[in-house]
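Going by the order they are written in, the chains are A, B, C and D; count residues from 1 in each one.
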Amino acid sequence: MVTKAAEPDISARLGGLRLSVPTLMGSGCYGSGEEYASLVDLAQLGGVVLKSVTRLPRLGNDAPRLVPVASGLLNAIGLQNPGIESYLASDVAKFADRPCAVVGSVAGFSVDDYAFVTERLAARDEIDAIELNISCPNVGAEGETFACDPDLAERATRAARAATAKPLIVKLSPNVTDIAAIARVVEAAGADALAVINTVRGMAIDVDRVKPKLANVSGGLSGAAIRPIAVLAVWEVARAVRIPIVGQGGIETARDALEFVLAGATAVSIGTGNFTDPRVPLAVASGIRTYLAERGIATLAEIVGSANPGFRGAR
Amino acid sequence: MVTKAAEPDISARLGGLRLSVPTLMGSGCYGSGEEYASLVDLAQLGGVVLKSVTRLPRLGNDAPRLVPVASGLLNAIGLQNPGIESYLASDVAKFADRPCAVVGSVAGFSVDDYAFVTERLAARDEIDAIELNISCPNVGAEGETFACDPDLAERATRAARAATAKPLIVKLSPNVTDIAAIARVVEAAGADALAVINTVRGMAIDVDRVKPKLANVSGGLSGAAIRPIAVLAVWEVARAVRIPIVGQGGIETARDALEFVLAGATAVSIGTGNFTDPRVPLAVASGIRTYLAERGIATLAEIVGSANPGFRGAR
Amino acid sequence: MPVLETPPLVHETVVSDRREPFSDIVIIGLYAPKIAREARPGQFVMAVTPSGERVATALGIYEAAGDRISLMLVVVGPRTRELALLERGDRLVLAGPLGNGFQLQALGKNVALIAGGVGLASLLLPAQRLLADGARVHLYYGARTAGALVDAELFEAAGAGVSLATDDGSRGHHGYVTELLAREGRTHETIAACGPSPMLRAVGTLARTLGVRAQVSLEETFACGVGACWGCVVPLERSSAQAPAFPPVAPGETRDYVHARICKEGPVFWSDELRW
Amino acid sequence: MPVLETPPLVHETVVSDRREPFSDIVIIGLYAPKIAREARPGQFVMAVTPSGERVATALGIYEAAGDRISLMLVVVGPRTRELALLERGDRLVLAGPLGNGFQLQALGKNVALIAGGVGLASLLLPAQRLLADGARVHLYYGARTAGALVDAELFEAAGAGVSLATDDGSRGHHGYVTELLAREGRTHETIAACGPSPMLRAVGTLARTLGVRAQVSLEETFACGVGACWGCVVPLERSSAQAPAFPPVAPGETRDYVHARICKEGPVFWSDELRW
């Protein structure tokens, strides 16, 4: 029987960032939000993680950049973005009227890049928090190296931490043997939260034309295909750190999102799910409410990590 | 127009192992072949890689051991096997009448295990080649460590190499940052061929019962979901080594298999594809023949690595 | 793609009819003469997902007569959802019949059948055969609600008695189907049951209480369905006649059971030999 | 699941009719009053895969009249295969209309439409509108074989002339559709084209040769369809009116074009501004 009590509280805290709904839209998948405004009421989202921005402008990879694959998508955008200066001058002001949290995403190719762009971006009032993308697999070897090397991950995080007092989420890569080890050093370096996971490296070949389908050869695999990989990553990270986790990778339903929460994620992020159906974030939020209500649970926070006996985080 | 020339030659050589058809059945997925004999004409397969065998008997993981996921399967069998002595005494003689190649698979928990089991198994005439499973993700941290650590991978390979002169295939794990680096040390340690890739680590959570779906918590992800990951792994390994590669991970059609071949695989292995449809290996072989015939290509070997400009292997 | 030779137990079947007696319960009839001829009561087939990419689905052989068999589906996930969309004239590839069915001889002449939900699918052929062989058969059939109690009349038509139970009390006994038998006491020689694991565990307990033996047909996730992958195991007494020899006891192994493959050694086991 | 509020451009449509004029070509009619009312010629929708898990599919709006639109599908992969199975009464969620259509004003009063295969789908509404606005319109329509040349009569009914071509010569000109126009010389003021990339490149070359301008509607893989992911780009002259300001030229950047999003800045571009 359904308990008809008060609406469950599904808000989430990521360090100093409070989300009324525990759903962020994944960086690079949702533009700056306005692109989706005709399809979704943005006020029903927890927040939007903006497309990653770098120090200098980037034209990105040549086309094709997208390949649909079994239960997922390969992408190799290559961090197309206007560069931080032009971004600050022309784009950031527009984020002021977003009816949900706005998380800036910072990518870089050196420790100094991360520090510089974080400082410049975080200084703006329109930005509620920073996500540090140290795990982009689509820019040659450069970008991802940071999330695959404990020393580089630590230094990039420390530099960004020094550059802002705003909530700092660091985004980890699944393309490692031991993601928990990276999570630990990133926590120690001052991250307020972790985004787990970025895309998994992959590629597809066009057998008719005898060449890779992506102009960039390899790309990042996202969508339902990677969900089991992502849930395990969250499970392992949640046993290793005390800071909150934003779980992501193939979330399309509330039940998918709850797998991440029960593994130890405080909030979730939806990227490719928006491409399968733009209503996914709304269905996830309402489905989580229903799940809690049916079980008479008052707050989402109570069940964070509850399937994971080794969960060490604060709820 | 289809060239009506002689049937294309789709045979493949893995060191001293010659396969008349370039399809092996993945270890652990096909028993010892006889289990599938009522569904498939085994003479139309290249060969069967037997279930991995260890020094001592193993009861394996508790149930449940299987979870279907989006475009794939999670498994955590935990190397259930009778142990090498009982295997030699009761099982191996039965392999003599298999009408295709029989590849023994050796798993272990120490370098000495790999040497011991390889020597004992390879000594038997019924066994045409040995596959060294240094990449099983379902036996705690122990098993996979070997394929995720260049030093251990090298030592296990060297030990097995010293234990037999039969063709030695070493099976690599995708759960690393740089699979090409592991491939290089394994080649240097004397492997005749590489199996790329074993399963990707993952898990799923039952949100109704608030616990992992697998008794073992985590398992190995296989099937179409991992195909892009596997194709990229083959692509990268094929640029790093000269020995042949057995491509695997999500092969369900001839076009899937050809992605691996064009990336640089000399032969392919089919595991989970047999579970989606037992006719997959036959369709793969006949589809490869058609592809070659339509293009007027005489042998499969000619197109190995042909989409991969960095391919270094011998065709 | 060239036509492939079809090996003995792989069949290209065609949907001959379809009915949907309740929401999310679909019965599809198939033209499948070989399976119809060869199926033993309690065997199953592996149904190849029409769109590919997903592992095939284990389904009990529900009816088998003449050239036709039928499968009963309850839509619980993506594969059953896709199979439930099949319509007359569509093709479906099946591997089977597979597994060992019920040991009908050992069930004797006065048998209680216990079905939980779609577990009913594996009990119609046993009922018909037992009745044809002169046994008395009574079906105890439970489901969540009245509408989900489908096809009990097929059992009545074959000559079985029928008692019903629903979780919500909308028809028959309000509660678990095992409670019905418990209330009656020992009125049957043996039990044959199929349904979800929790129900089958309850059947095991009931059988022990009543002092009768029960054969239970397990529904777990299969991958290969032919004993090749060791994915579908259930812990079984080492002393069971169905226990595989494999593996021998390892030094240090504290678990005193073996793992039997449900698809190969089962799917039917004596409940008192299961260690779950 | 609770009913969700449907935002402005997301529509729960229902299949009203379906026809299959040739194998693997399916036209599904949908009750979709808002899209029918608002669609501009050359716009598209994103169709949500009914079974989930796959990225939505971009499809041109083929017909739009009254409360009904239609979509023309050619089955090439898993998503179009699934959409092609939809039947009368089935539901389909669509996002749209999206993208900028053709700039009909700029096409003038004597327009050659060039359709390659399913590219036809994006040209019917432009043809109807151009003809209604008093332009002369001639359709050049190519496909691999006679049977795949479907629905040319809808263009004739609207008042357009029609010339056909097939790859195998089974109907009309034996060869590429662009060869037909090349042979005729400059008999039209402008071109509007939709089809596979190689054909559209040929249209670009043809237009240059003939000294006319061409608007081409590109069919690439989309993910979001709304300009959010930057996945569907095409290289475009920086000087194009459709060039996004984003990004400015980076120091050291040797590529002298910009990346325009086909879904947002397009899907229709002037062929002489594309750098592909």
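The rule is short, and it goes like this: contacts are C-beta pairs under 8 Å (C-beta built on N, C-alpha and C of every residue); 3 or more make two chains touch, one makes a residue touch a chain.
These numbers were taken from a predicted model, which means no experiment stands behind them.
Asker: What chains touch chain C and also chain D?
Answerer: none
Asker: Taking each chain's centre as the mean of its C-alpha atoms, give the chain farthest from chain D.
Answerer: C
Asker: Nearest whole angstrom, what separates the Cα centre of chain A from the Cα centre of chain B?
Answerer: 34
Asker: Please tell me the distance, in whole Å, between the geometric centres of chain B and chain D computed from their C-alpha atoms.
Answerer: 44
Asker: Which residues belonging to chain D are in contact with no fewer than two other chains?
Answerer: As it turns out, chain D has residues touching two or more other chains at 53, 78.
Asker: Where in chain B do residues touch at least two different other chains?
Answerer: Where chain B meets two or more other chains at a single residue, that happens at 70-71, 224.
Asker: For this assembly, give the contact graph shape among line, ring, star, complete and other.
Answerer: ring
Asker: Applying that definition of touch, give me each pair of chains that meets it.
Answerer: Touching chain pairs, listed by label, come out as A-B, A-D, B-C, C-D.
Asker: Touching residues of chain A toward chain D in the complex: what are they?
Answerer: 28-31, 35-36, 38-41, 51, 56-60, 62-68, 70-71, 73, 75, 77, 80-83, 86, 90, 223-224, 252-253, 272, 274-279, 282-283, 286-287, 290
Asker: Spell out the residues on chain D that touch chain A in their complex, using ranges where they run on.
Answerer: My answer: residues 1-2, 4-10, 46, 48-49, 52-56, 77-79, 93, 95, 220-224, 226-235, 245-251, 253, 255, 258-259, 264, 276.
Asker: Could you list, by residue number, the parts of chain A that touch chain B in their complex?
Answerer: For this pair, the touching residues of chain A are 69-72, 74, 148, 175-177, 200-205, 207, 210-212, 217-218, 221, 224-229, 231-232, 235, 250, 255, 258-259, 262-263, 291, 303, 306-307.
Asker: What does chain C use to touch chain D in their complex?
Answerer: 51, 53, 78, 81-82, 85
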